[in-house]
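Letters are used for the chains, namely A, B, C and D, taken in the order the chains are written, and counting of residues starts over at 1 for each.
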Amino acid sequence: MSDTAQGFRPLGRTGMAARVAQDIPAGWYVNLGIGIPTLIADHIPAEREVVLHSENGVLGMGPAPQPYEENPWLVNASTQRVTIRAGGSFVHHADSFAIVRGGHLDLCVLGGFQVAENGDLANWAHSATEAGRQIGGAMDLAVGAKRVWVVMEHVTKDGQPRILSHCTYPLTAAGCVSRIYTNLAVLEVTPKGLVVLDRVPGLSFEALQARTEAVLQQA
Amino acid sequence: MIDKFVRSMAEAMNGIRDGSTILVAGFGEVGVPHALLDGLIEQGASNLTIVVNSAGRVHKTGDATAGVVRLIELGRVRKVITTFLRSQSLAGEAVRAGRMEAEVVPQGTLAERIRAAGAGVPAFFTPTGAGTLVAQGKEVREYGGRPCVLETALPGDVALIEAWCADRWGNLTYKDSGRNFNPIMAMAGGLTIAQTHHVCDLGQLPANDIVTPGIFVDRVLHVAAGAPTLPR
Amino acid sequence: MIDKFVRSMAEAMNGIRDGSTILVAGFGEVGVPHALLDGLIEQGASNLTIVVNSAGRVHKTGDATAGVVRLIELGRVRKVITTFLRSQSLAGEAVRAGRMEAEVVPQGTLAERIRAAGAGVPAFFTPTGAGTLVAQGKEVREYGGRPCVLETALPGDVALIEAWCADRWGNLTYKDSGRNFNPIMAMAGGLTIAQTHHVCDLGQLPANDIVTPGIFVDRVLHVAAGAPTLPR
Amino acid sequence: MSDTAQGFRPLGRTGMAARVAQDIPAGWYVNLGIGIPTLIADHIPAEREVVLHSENGVLGMGPAPQPYEENPWLVNASTQRVTIRAGGSFVHHADSFAIVRGGHLDLCVLGGFQVAENGDLANWAHSATEAGRQIGGAMDLAVGAKRVWVVMEHVTKDGQPRILSHCTYPLTAAGCVSRIYTNLAVLEVTPKGLVVLDRVPGLSFEALQARTEAVLQQA
């Protein structure tokens, strides 16, 4: 039975990005990870000054360029062409990660494979033995930013829970996540466990818990 | 008179030996020393250790550059040290088949290890990677209540970098996100070779705007390389 | 709208507490935040730890700045961390008399400890000071056949810096040797307060020429301070 | 009896600076310490491109300014006003000492209180218990530069030797000095000990040895 038939409509990728964007106040310095997090930028109104950081040394990223303003020397961490706002600046890679590791970002939004109830994050590998290892900057961002929010589907494509009592995939960082945005809900990681801040309309607490391995608490 | 410009690719590549560690700058096709990589392929050095942000040839997210992929294809790379290596890539296959070693490290740790090499700092502690596979076999110590991993400097025998403008002292500027790994790899290379889009007269680059002082640069080759393309 | 400019010295100094560690930038009277130091004297915080290149009031060689000397005179400095402290100076006398602690460290180690704090690196090894009094009580480990000393990051609760030009995002440039400790102290300050000679509109400072991005800066006060004088 | 009366003329400060300058080839990156080393710059001909570094982040320092070109924002490590040459640049203090510690300087010339025959240098304190400690950048320069030369008077004002089998003052760095320029001679620090490269005219090897505690060897 589809979710919609059960009386609620899960958010799409755009909806999830828009939901996160709602909670980012003016004046924050923010890094948006690859995937859904990258879409968040489009949902921050231009008049709300949020300074976007990219691992490759860009501060103050603007939206995708119009064709006439394309700059081949200006890409984001996803290697997409971007623009830079008035007030933006460039630094080298070590300074860029000094910004990250030094605790200067107010927020990083990352994608995730799994998040545990204690805030552990797994988002770079499905097993410890993969030949490929796609770490990128996620480990630095996860330990460095003042807040780490994760945005991801609530369950895997085949319905397995991603929000767990313990992560089974290799960790990106321990205890780093403070908030989880999914297509179904917004959860806060607290010392007492996961607290539900928000649910999509029509989704009951019980139905959300049924899709979550970790124990949830009402706000 | 100090003149770091070389007149040919052969001169730029002269003396690079088998077994060298080569730092290759660039991120997402921007600031990549493509011409120098082609020169290295031609030059013939083998059994190389390549340090590069991405080693996985895939469509998105820090694609490896063609020259690095070609060196791997030619079997001239003993090891890559990188932040990103996808299973479904030529590099991933070489690793699975046991033809190449790979050390995959967090991007901030890679950058800091390179900068440390340039700055004469042999080792440092970082919170990045603590409690993960990356920390395996490494010393971990608590600072401020957080576990931190001891990481060591990563110098190169050679650094290949790309600049926007250079003068004969080897002073360099970069264009926009073309800065990325270039300034720190320039610092960390025993022999730092830059290709540059533009040439400036000495004194034309304002002293306050030079990003890499010439002291870090050994050779400069003028290559009007054209604009970076998006990763394939 | 992000606007880091404050309109008064009182606003600039607001919230600096007794017992704070204060990073004070500048070298040889150039790039020194004189006005902010005067503001700190007025503000009244006490029991301070002052991190400054030179603490010795002498004619030559990295003279201490008047504001730091005045704070010591007023008995508001618990400790100085510095590279240079002469016996025949007010600071030297305060140390001899037991009124003030002093930690005198090599200048490169001081700079690197400050930068490490800003970069989230809690500790690092350096060859500087190995086999000298500076290494006493510190862990020493060999790298590449050389003994190296373990040094820890040095963050400030507050950093006082001086810029040449600033915009409302707190982006900064510096003038000539006025750069010195300013960019790294900006990174390492929990609360970074800059005084600036000039004010720019947002976007007026070229993105490639900004030395300190505004992310490191909390408050900016416009003080047309005039040219630095030579040390007395 | 004065040295002159003995048939030789010790170099003055200017003479010592000029003697060191002779040995600095074009193309070197050089840091000149406080005191006599600072004077060396005046004896490097303008057409010989030597790039001078100063600890406060100046590369490519030029001579003292003419009155009409004084720049109050441009000083050297001795806080004297200087100029900058075409090709010069500015870096911050951590980058400046990355240059030093990272082994990028071809040469540093320092003043000294004492040098030992194994290259140990003492140049910052006369005892371990002084309240004042004037370290500055000397320790970094001593361990970081590819070569460290010391320029100093051969003996103290009261005739005590400065070139010793072991330093008695607190060390700046161990085994760092490769060459010593004094008002009497030029000595090379070698694995076999101190070798005399040069003596002022009229000074015999024996007379030089008599003013030196460490054992000297003829070149």
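Throughout what follows, contacts are C-beta pairs under 8 Å (C-beta built on N, C-alpha and C of every residue); 3 or more make two chains touch, one makes a residue touch a chain.
None of the values given here were measured: they were computed from a predicted structure.
Chain centres here are C-alpha means, and the one lying farthest from chain C is A. Of the two chain pairs shown, C-D and B-D, the one joined by more C-beta contacts is C-D. Computed from the mean C-alpha positions, the centre of chain A lies at a distance of 29 Å from the centre of chain B. In this assembly, the C-alpha centroid of chain B lies 36 Å from the C-alpha centroid of chain D.
For this pair, chain B with chain C, the centres built from the Cα atoms lie 33 Å apart. Contact of a single residue of chain D with at least two other chains is seen at positions 84, 90-91, 94, 97, 100-101, 144.
Within chain B, contacts with two or more other chains are made by residues 112, 115, 119-121, 126-127, 146, 174-176, 179, 207-208, 211. Taken in their complex, chain B has these residues touching chain C: 112, 116, 119-127, 141, 143-144, 146, 148, 152, 173-176, 179, 207-209, 211. Taken together, the chain C residues at the contact with chain A in this complex read 1-2, 115, 117-121, 167-169, 171, 187, 202-203, 205, 207-208, 210, 213-216.
Of all the residues in chain D, the ones that touch chain B in their complex are 26-27, 29, 49, 51, 53, 59-60, 84-91, 94, 97-105, 144. By the touch rule above, chain D contacts chain C in their complex via residues 34, 54-58, 71-79, 81, 84, 90-94, 96-97, 100-101, 125, 128, 130-140, 143-144, 170-174. Note for the complex: chain B touches chain A at residues 27-31, 56, 60-63, 83-89, 92, 95-96, 102, 104-109, 111-112, 114-115, 126-134, 146, 174-184, 211, 227-231.
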